[in-house]
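Look for chain A in each of the two complexes below; its partner is chain B in the first and chain C in the second.
And now, the complex of A and B:
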């Protein structure tokens, strides 16, 4: 299974080369990866449903417990049927849908679609939370790039950005939730978390965060507007990402965690409430769309809500219904999107108001689309009907809450019937006062690709035993098998009667247009899209306000902010913990006291100095004082280097300041903030000192590394001076780095000084003598530094 | 472990002076601030490296009495690098003096100008028409009208 995921990415890497040469044929090449995966998954299907699913582990960073584990169980198999099956179909379809001469688009979209298929495969197989998150975000990124297309049109960019912002927000929340969940359970493996679910307040928060990820990804209210916006993508992309595969990721996540948490109120209540709301709102909004694709997008939102409700209900029957409906929805929705693609491409429009009489021209396509629509509306003999039967059975056999949910689902299903009919009449019907659209062929290959998912929905409904082991295998995680079997005919049951009622009501609503004319309207201020607009706008103005206040262009202000942050953030963390200051003593060696006085007085006086030379000399006194301190503390080499360098620094300072006026230029305008600066500097300085004594306090003798340095110095380097041995031998690479810094600084100094001499000599136009100067001068500048 | 108060006070003093000088307007003072901060950092390494002891010459003392040599080696590197940095900054100050005639760290006026422009743009946006404000964030949906106002719907039925 790991090989299959890698194969997708490898193929995606070479597809641009194929597309450059052969254009849109690259899509067919790209279809090989998902098609092979589908065959492989079906061949190993028996193992997946055996109860002991195959595991494959790839060590990633085993030291910190990071590994990628693929777990091929029933749920993964179910999703692979969609991800790889629909993936292969859509890629083949795209090879005809794409413009023949647009090699760039073919290169981009084929590579991205195959990458997406690989990411989706990884997502459904991943058995540890970190790789789950990685693949999750990879699908988001693919979606962003596919919706954004070439990024030229503004509408593409804003839609892509909206999808990215909303789903990434959820994704980050999910990551936090998954990590909290993993920490509470003590393992990052999903199967282990589910086998022994943790509990407590943290888990409640974690579940809500994970749900936020699922709800945003699966376009649940109130995060749904990104999905209709994303319909600006090419239709095959919409069919794959925004109908069959990516939006199922949220449903998949819920399906994955529901067996363990279905009884947790923080889990099932938000799922059921958001799901029902989404199902009703999506169906309601679909009633009014003129654009066939947007109509389908709202239909998808509604169906995703339905799936969520069934998973949230959390019984054996509802899980069976959810599993069946996931497959049914993937099949009929992709078939319908592909149909819209053909209509859009061949008839030149997908607006209901401009289409007429297509049904008579394209009888084959119309039949296939009708099958898909019947599956969507829940009519026999199609898979959607079987799924809806199980769902109604599950809800109306349950308790009061389940029955109430059932009523909501029934109303949502009526809406589904209505918009299915709207699609059928709108796309294929002949409108009395409109001239039929011009006759054009609908394309054999593309129609063939519609046939695959559409007929699959029919065949699987006639022989449900093919998929039953997968569906019941998943449902068994929720409890005991009550002996129910998937079938078209269970006799005259209450569920069947409700189904008949739903269809009758749907047809009635569709017929009486007066009722429908009220449908689908949501006042502007209540639309989630305007909330999104307002929140993005608010975020932007917040960013502007904060940046405008922080980025004022003044170095002292920046430093002040940095120092304050240094004290406040790590300081709060430090002092909230348990601090042991240990025993206090005045000094280690009485010589430290006069040295400390000298250093402090010199440093303080340098603040007050008005003459440059005075300040520089006082800084020199501080340096020599520190050198003397090193002698007292037993750092002979250190003291030597300190004295040498201090002397050199003084020399360089004197060379430079002789060019400057003797006194500092005092700018009165800035004196006002002097006290603020002093307070910030004082607090930050004290904080650093506290840090230093704390570090010192937590040491217990000479650490192992230093001990080894001392013990091995003589044998391994032949030096008795350990500091020397460390610098030139044990840590010689540090010293090389240090020399490099010196060389770079020397080059910089030389070029800065020479730039001046060039101006003075007026030799700007003649580079040769200047370069001669440069080598000379670099030599002289570098010499004292290298000696140091 | 015990804590050396003299050392702590000296560190606090050096860092405070360094930070204060760093926030000054004169480039020369900023450089002095960096020099003093460098001294403070070297002292910091010594404090964090434990109490003083015998110099680390093999054979001159027992291991337990020696001072930790690693912080010393690190400080030695730090001293040299501080010198490189100081020299480079001095060259910059020198250049600033040669070109501009002063060594003052001035405010980046451009930043303020951008902030002002952003504020102004926001004001214009707020006063602009409703549809323009959320331009770019509207779903590319089919145009919608209030119920009962459209004849299109009736025509499709």
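And now, the complex of A and C:
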């Protein structure tokens, strides 16, 4: 199984090369990975449902117990059927849908789709929370890139950003939740957490956080608006990501954790409430859509809500219903999206107000789409019907709460029937007041790709025993098998009567056009999309406000803040303990006296200096004086470094003050500010001096670390200079970190200065000077170079 | 540099092989917009190679005496500073043929590769090796792998300082890019 995941990523890496040469054929090549995975998973399907699922482990960072474990159980198998099966179908379909001459798009989308399929595969197989999270975010990133496309149109960028922001918000919350859960359980392995679920207050918080991830990913209310917005992506991408795979990730997460936490109120109540709300709202909004794709998007939201409700209900029957519906939904929704793709591509529009008479032209496609729609509406003899029967049975056989949920689900199902009819009539119907669309062929390969999921829904419904082991295997985690079997006909049961009622009500609502005109209206303040916009605007203005107040652009203010922090934070610590100045001596060596006097005089004189250059030179005297002090105390290395750095600082200072007026400007109106500065500087200086005396008072001899350095320098590093041994050996890691910082800082400074001079010269976009110019000594080196 | 043959590989008559390949000091025609100090320029020219050699000494001596990559690099960088102080950016451009960012990058690369190299031999990152060689005349020579790390530091420091000279210097210089000379005069009063 690990090999299959890796194969996806490896294939994705070479697909751009294939696409550059052969264009859209790359999609067919890409389809090989999911197709092979599907075959492999089916071949090993028996092991998955055997009760002892195969485990594969790959050590990742064994020192910290990090490993990647793939666990191939029933739920994983069920999701692989969708992820790999529909993945292969969509990739084949895309090879005809893509423009033949657009190799760039083919390269990008084929590689991303295969990466995405690999990430989904990893997600459903992962058995430890960290790799689960990694694959989870990988699908988010792929979705962002696929929706964003080439990023030229603003609409693409905003939609992609919204999808990214909303799902990443949930993803990060989920990571926190998973880690809390793993810590509470004492293991990061999901199967072990589920086998022995922890409890307590932390677990409640963890479950809510995990749910936030699932609800955002599966576009549940109030996070749903990203899904309809993401419909700007190419239709095959929408079919795969936003119908079959990515949105199922949230459902999968809930399905994975529900067996252990279904009784936990913090788990099932949010799921059921959000799910029901989503199911009703999605169906309601779908009634008003004219764009076939957006209609399906709202239908997807509604169906995802339905799946969530069934998983939240947490009984054997409801789990069986959820498992069957996950499969049914993936099949019919991908078939419908692919149908919309054909309509959009061939008829030139997907607006139902402009389509007419397609049903008569494309009889084959219409039949296939009708199967899919029947499955969606829950009509026999299709898989959707079987799933809905189980769901109604599960809910109406249960207690009062279950029955209430059942009523909500029934209303949602009525809406599903209505929008299915709206799709059928809108896409394929012949409207009396409109001329039929011009006849065009609908394409054999693309229709063939619609046929696969559409007919699969029919075949599996006729022979449900094929998938029954998988579904019941998953349901068995919730309790004892009550002896129910998936079938089209159970006799005349209450569930069947409710089904008939739902369909009758749906048809009636559809006929009664006035209700439809009302449908889908949501008052402005309640629209989730405007709330999203407001949150993003609020965040941006918050960031602007914080940055504007912190980064005021005044050096004295920055310095003041730094010095005040320096005094306040360690200074507060001084009050808490006893202060011991140790044994104070005036000096150790008589040479220290004149040096100290020199430093003091230079420091005091620099305050009186009126010329900038004088002040800089006096500051230099202070530095050299300290360097000389190091020499007196025997720190040769330290002294050398001090002298060199002081010299360099002085030179840079002199460079810079060339740009300044020669004298300090005395602004008489600014006396107050000067007093504040003087106080801050004085207090900070005194504080540092006191601290220096204090620290030296606390030193009793050489610390252990230093003693070890001195002892081991010769043997272990071959150096007799201990300072050097520390820098390049004992603490070489620090050294590398420091020089990295230095390199980054120098590059940053250079970029800032060069960017500024470019702007002032107004030469942005001027061709970069050639190497010949740059080394010419006639002064052209001063031309700023464009740096990366 | 203006006197240098266009193609350095062009064969030079043996009687002229020792003529300077470039003018030793720049002439008045070269771009200068401030009064030059001939004395300073000549001294800088004379000291430059000596200081560079001294910096290499510091780099190598660091293991047992005062010095090391940081000090050595700073000394070498100060040699460039001296040239810059004497002759400005034109002088700097004459001697620096490699772009400073390249030097910074090579220094960092050498240091990081030195740190990672022991992994290939199964040792932990940053493990150091000591080799002792017996050379015929010089006697025993001790080489440690840390020297390479120091070399990386040395190069990086030189690159950083020369890069700063190039940018800060050029950005504040009279006649430099982005420097509004009239405004500068106004500011200086």
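Note that in this section the second predicted complex is superposed on the first by the 554 of 788 C-alpha atoms of A that agree within 3 Å, B and C clash if a C-alpha of one lies under 4 Å from a C-alpha of the other, contacts with A are read in each partner's own complex, and residues count from 1 in each chain.
Methods note: contacts are C-beta pairs under 8 Å (C-beta built on N, C-alpha and C of every residue); 3 or more make two chains touch, one makes a residue touch a chain.
In this text the structure is predicted, and so the values were computed from the model without any measurement.
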item	value
Contacts of A:733 with chain B and chain C, given as first, second, both or neither	second
First, second, both or neither for A:183, with chain B first and chain C second	neither
Touching partner for A:425 - first (chain B), second (chain C), both, neither	first
Contacts of A:662 with chain B and chain C, given as first, second, both or neither	second
Partner chain(s) touched by A:652 [first = chain B, second = chain C, both, neither]	both
Touching partner for A:537 - first (chain B), second (chain C), both, neither	first
Which superposed partner A:753 touches (first chain B, second chain C, both, neither)	both
Partner chain in contact with A:349 - chain B first, chain C second, else both or neither	neither
Which of chain B and chain C A:718 touches, first, second, both or neither	second
Partner with the higher number of touched chain A residues, chain C or chain B	B
Contacts on chain A seen with chain B and repeated with chain C across the two complexes	636-637, 641, 645, 648, 652, 656, 659-660, 719-721, 723, 727, 735, 742, 746, 749, 753, 756, 759, 785
Partner chain A, residues of chain B touching it in the complex	1-26, 28-29, 32, 35-36, 39-40, 42-44, 46-60, 63-64, 66-70, 72-73, 75-77, 79-88, 90-95, 97-98, 102-105, 107-112, 114-115, 118-119, 122, 133-134, 136-144, 146-148, 152-157
Chain C - residues contacting chain A, complex	1-2, 26, 30-31, 58, 62-71, 74-75, 77-78, 81, 85, 89-90, 92-94, 97, 99, 101, 104-105, 107-108, 111-112, 115, 125-126, 128, 130, 142, 144, 146, 149-150, 152-153, 156-157, 159-161, 163-164, 166-173, 175-180, 184, 187-189
Chain C-facing residues of chain A, complex	636-637, 640-641, 644-645, 647-648, 651-652, 655-656, 658-662, 716-721, 723-724, 727-729, 732-733, 735-736, 739-740, 742-743, 746-747, 749-750, 753-754, 756-761, 774-775, 777-779, 781-785, 787
